[in-house]
Amino acid sequence: MNRDKLSEPCPKMEYIRNCAVDLCVEIAGISMKNPVMVASGTFGFGEEYAKIYDINRLGAVVTKGITLLPRHGNPPPRLCETPAGLLNSVGLENPGVERFIREEWPRLKKLPVPVIVNIDGDTVEEYREIAKRLSELNGLAALEVNISCPNVEKGGIAFGQDPGSAYEVVRAVKEAATLPVIAKLSPNVTSIQKIAAAVESAGADAVSLINTVLGMAVDIDRQRPVFKRIFAGLSGPAVKPIALRMVWEAYEAVKIPVIGMGGISTWRDAVEFILAGASAVAVGTAGFIDPEAPLKIIDGLEKYLVECSICESALKTSGEDKTIKLRDIVGLAHKNFTEGDFS
Amino acid sequence: MNRDKLSEPCPKMEYIRNCAVDLCVEIAGISMKNPVMVASGTFGFGEEYAKIYDINRLGAVVTKGITLLPRHGNPPPRLCETPAGLLNSVGLENPGVERFIREEWPRLKKLPVPVIVNIDGDTVEEYREIAKRLSELNGLAALEVNISCPNVEKGGIAFGQDPGSAYEVVRAVKEAATLPVIAKLSPNVTSIQKIAAAVESAGADAVSLINTVLGMAVDIDRQRPVFKRIFAGLSGPAVKPIALRMVWEAYEAVKIPVIGMGGISTWRDAVEFILAGASAVAVGTAGFIDPEAPLKIIDGLEKYLVECSICESALKTSGEDKTIKLRDIVGLAHKNFTEGDFS
Amino acid sequence: MERKGDILAGLLFSTKVIQNVLIAYDIYHMKICCPEVAEKAAPGQFLHIRCSDGPTPLLRRPISIAGANEKDGTVEMVYRVLGEGTRLISQKKAGEILDVMGPLGRGFPVPLDAVDPVLIGGGVGVAPLLYLAQKIAGPLSRSGRSGAAFIGFSTAGEVFGVDFLKSCGFTVFLTTDDGTAGQKGVPTEAFENCIKGHEVQKQFDIVYACGPKPFLAKVKDAAVRGKIPAYLSLEERMACGVGACLGCAVKSAGEGYKKVCRDGPVFEAGEIQL
Amino acid sequence: MERKGDILAGLLFSTKVIQNVLIAYDIYHMKICCPEVAEKAAPGQFLHIRCSDGPTPLLRRPISIAGANEKDGTVEMVYRVLGEGTRLISQKKAGEILDVMGPLGRGFPVPLDAVDPVLIGGGVGVAPLLYLAQKIAGPLSRSGRSGAAFIGFSTAGEVFGVDFLKSCGFTVFLTTDDGTAGQKGVPTEAFENCIKGHEVQKQFDIVYACGPKPFLAKVKDAAVRGKIPAYLSLEERMACGVGACLGCAVKSAGEGYKKVCRDGPVFEAGEIQL
């Protein structure tokens, strides 16, 4: 019932109907037909959701985090709902890089969509190894270096909480990999800008953020933490305002593209992230509730771009070109804030 | 409809009905008849809610943040709702310490409830000054040093994001004040433990956390940030898992009492915080929705304590004493986690 | 009607919905039973309504009192479904419980002397003016003075309140943006034209207005030019609704900010900057 | 019944509620129209149900299929109102829309040969067994074999399914914790006593069980001792419901974890650790 501006008649609509809309983005050398990806760990290796909708419509697919050796992950419970949020303590359960290559990659590589593999390690050396191994795969679009997993004993988030270690890991991956490298940042830091700058200087081709926010829950009947690892990662709508702020900050701190995620559920959320500086967005938790959320977001972005007020500004920046380009509104809120009369 | 265990018949109930329940806590030398306070900035100077319910039932009252000189605060909009959360950019609007003493204190000092004044400053000197001035008031229970306000140009959160500055501010207040000093911490840090340890070593008598989480919102129609100061502070149920985690961490890092807050809306939430290590809790945003939330939480805590399973463990620690004491369950989840067989 | 809280209270009520019906496009008319509010309420005051039991939407929603009847203890509201909060309110059925706080804020000063009042309302801004008209109706007819109401809507389907205002003794000037009902245009223009004497020349002693900010800015300008005292009812996003959170700021004519919930929602035009 | 998503789909449905009634204390029986699910569903599979449009409760709720009718395209569920999610589901009225994903998971293997099956269910754990009984009823009567059902509830007011199980040809052994209906006790004990020949001596070829974990652990022990193959339906908190999030882990008998939503909810007793 939220009155949808898009459905209201608009005098400029006729003109605008004749405009083409271009949702393409290029990030870290990866060409995506639209900026909507799925977030690591929320999409498995693509198999499950391929049964539910046409995943080829996605801008890109990001796999569950892969480590050098297989991991069993954490004991149950692994999930706990919170107000508008989800705590997870999956703990990087994954088949390891070799089984990934053997069992998942043959299917993934046939997708007509860029596939990005999320990688994790306990040590810099492990990151380097896995990056080297994955670089041998033909057709892999990029590596997303997870330096922000809150659910493991070693490595993970620790790498992402210190600019020095973040630099080191990304540098190592960059050296080992022949693929574009995306650094996935942790929100659990005092200054996301310092971390973003560190991974940029280490050669990252893009940053993606945010990973989950450290949280916890207590079982008041058993009077102990819900999770065996005590802390877990918070995702979903609850974290959206935090993620958006960090995307804004990262956009101001680095020149490489920013991939935004954290609580994105609707096209409106996606637009907020894009205006705040995200060149692409990823949908995670929202896909559990509505698997088709990414597709609805793609459709919504298209409509948003043709909507009157947007057109004006987009056309302004696009000059004579009648194509309305999504990439023209990336970070627009920064420009409008600086230039605008805010009262 | 959430089946309330409390309302189910319980074989031990008869015995338990004869037990006394003691909700008293002592924090930083302040005796409170129960552990439920109201959070700074969400209760004005107590006048508004005194018209709505009997605020004398509260464990303590914490005022809006006060600065040395009056402040106008930020331009509207100052509020934006997010999923299960609230972003605010009030910006420490307050009458300044002199007008506070003249206009608000005479009424506040008559309350039969401990009154804690929340103080803020741009510089260490300002904190010192205001602490000195407020120490002259007879009957004031304590100062809460806000080193975590995200909504001001200078000072505020910056002091709370670095252990060194946090130490400095608290040290200065501690030296200037003759009152107990509570340090109010910011969640926007990599390590809450370092900050908590720093303010403890500076002499803080207690820590309170969390202040709001930095977040933002974008107006997609006007394509710019909703708030003039871009970032705002996130509070409400959405941040509860984050706050709880930080209370847990602070409890492990310091020996001084921890006052927990952030998204507490029900007695169940309050119990989670207490089990995680909070000696007292504060209710903020939830009071906007249900002004009587703090009272309902007090009632709920009492019932929780008489509930069977709790009794057992409380009685265990209380020995032969038939009084069930709230303070016996403070931090109990740590003990149960360490000692328990978690499978 | 069950009273919540202890005796100090008188602001928190768990009320029963008596009716809640669609009266125009996306606009509902709700009647609740709440004798305490009906007794105390002044026109221009509002109720702060809880729209869900859960945490989304989180905050209460402020809705003006559009009518109150001390005799049967009923209170009325007219509201537009805009987002999730008002959508949930619109789903309440007769017999269900509505949790309200109120009456809150400072309302319109109801004139004691005989005056010619004018009401100016845009969209759902007409709602509080209905209650004001109800209160002024008696004095107006007794003193034999005349009142006018300039009200505007975007389109015919959204119009409400015309008959009621007439029944209270007001001459109604209706406008719609698209001209589908009344005159095409906006009520502020119609009002200006009127006091400038373009069509029907008329002088007024006091202006009461409610609508969006730009709309009120125009009313204020016209009132200043016409040297008529004006009372404007403002809107701002609210959290507490009682002055405790300092969230609903509006720039004061002097220094700093007024709070819409506590100092308003009705302000004398000179008190605030629009 | 409207089909959501594109042709690949077949797992996401916007279905119409046909009935949703209270059948026991806090227990509801819901019937929806969803021919696709009715056609494909196997006993033991579940539907993943969206309980609100907003973000609270955030996740879908898994509910077992308790019956399906290919002819009229209806699917049934029996569920207990436990928290907010099930409370919202219980408020759905006939004619309203229910958003479901399914049928999901691996169900009970329905025996092809003539066997004597036993069903063991605790509380709402009885729900999936009803659908299983419906499917087994035909073969059972054709082969002339006999089935038994041991079902337990906490109290008489919560009992459901007895008549239905009988109508499917099962001998029903009912227990309640407080002895207000059937025998006082728990169904696992009744089952053990039975195979041990304490009261009615009987041998079974296959065990199907659903209930809380400790309950299933007892069933497993008894089945192992009795050397009867057992299929257990497990519960675990779920996010995606399709195997993508790895959230619904249960310790596998070998290394690592199985996923209840994808590898289960029904497991051969030897596959998992309880």
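Letters are used for the chains, namely A, B, C and D, taken in the order the chains are written, and counting of residues starts over at 1 for each.
Heads up, the rule we're going with is that a residue touches a chain if its C-beta (ideal position, glycine included) is under 8 Å from a C-beta of that chain, and two chains touch if they have at least 3 such contacts.
Bear in mind the structure is a predicted one, so any value in this text is a computation, not a measurement.
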Farthest-lying chain, centroid of Cα atoms versus that of subunit B: D
Inter-chain centre distance, subunit A versus subunit B - centres from mean C-alpha coordinates, in Å: 34
Whole-Å separation of chain centres (CA-atom averages), subunit B against subunit D: 45
Intercentroid distance (Cα basis), subunit D paired with subunit A, Å: 37
Residues of subunit B whose C-beta touches two or more other chains: 75, 83-85, 236-238
In subunit D, residues with contacts to at least two other chains: 54-56, 84
Arrangement of touching chains [line / ring / star / complete / other]: complete
Subunit B - residues contacting subunit C, complex: 41-44, 47-54, 64, 72-81, 83-86, 88, 90, 93, 236-238, 265, 285, 287-292
Residue numbers on subunit A that touch subunit C, as the complex places them: 1-3, 83-84
Subunit A-facing residues of subunit B, complex: 5, 75, 82-85, 87, 161-162, 188-190, 213-218, 220-225, 228, 230-232, 234, 236-242, 244-245, 248, 263, 268, 271-272, 275-276, 304, 309-310, 313, 329, 332-333, 336-337, 340, 342-343
Subunit A partner contacts - residues on subunit D that touch it in the complex: 4-6, 8-9, 11-12, 50, 55-60, 101, 236-251, 255-257, 262
Residue numbers on subunit C that touch subunit A, as the complex places them: 26, 55-56, 81-84, 87, 90
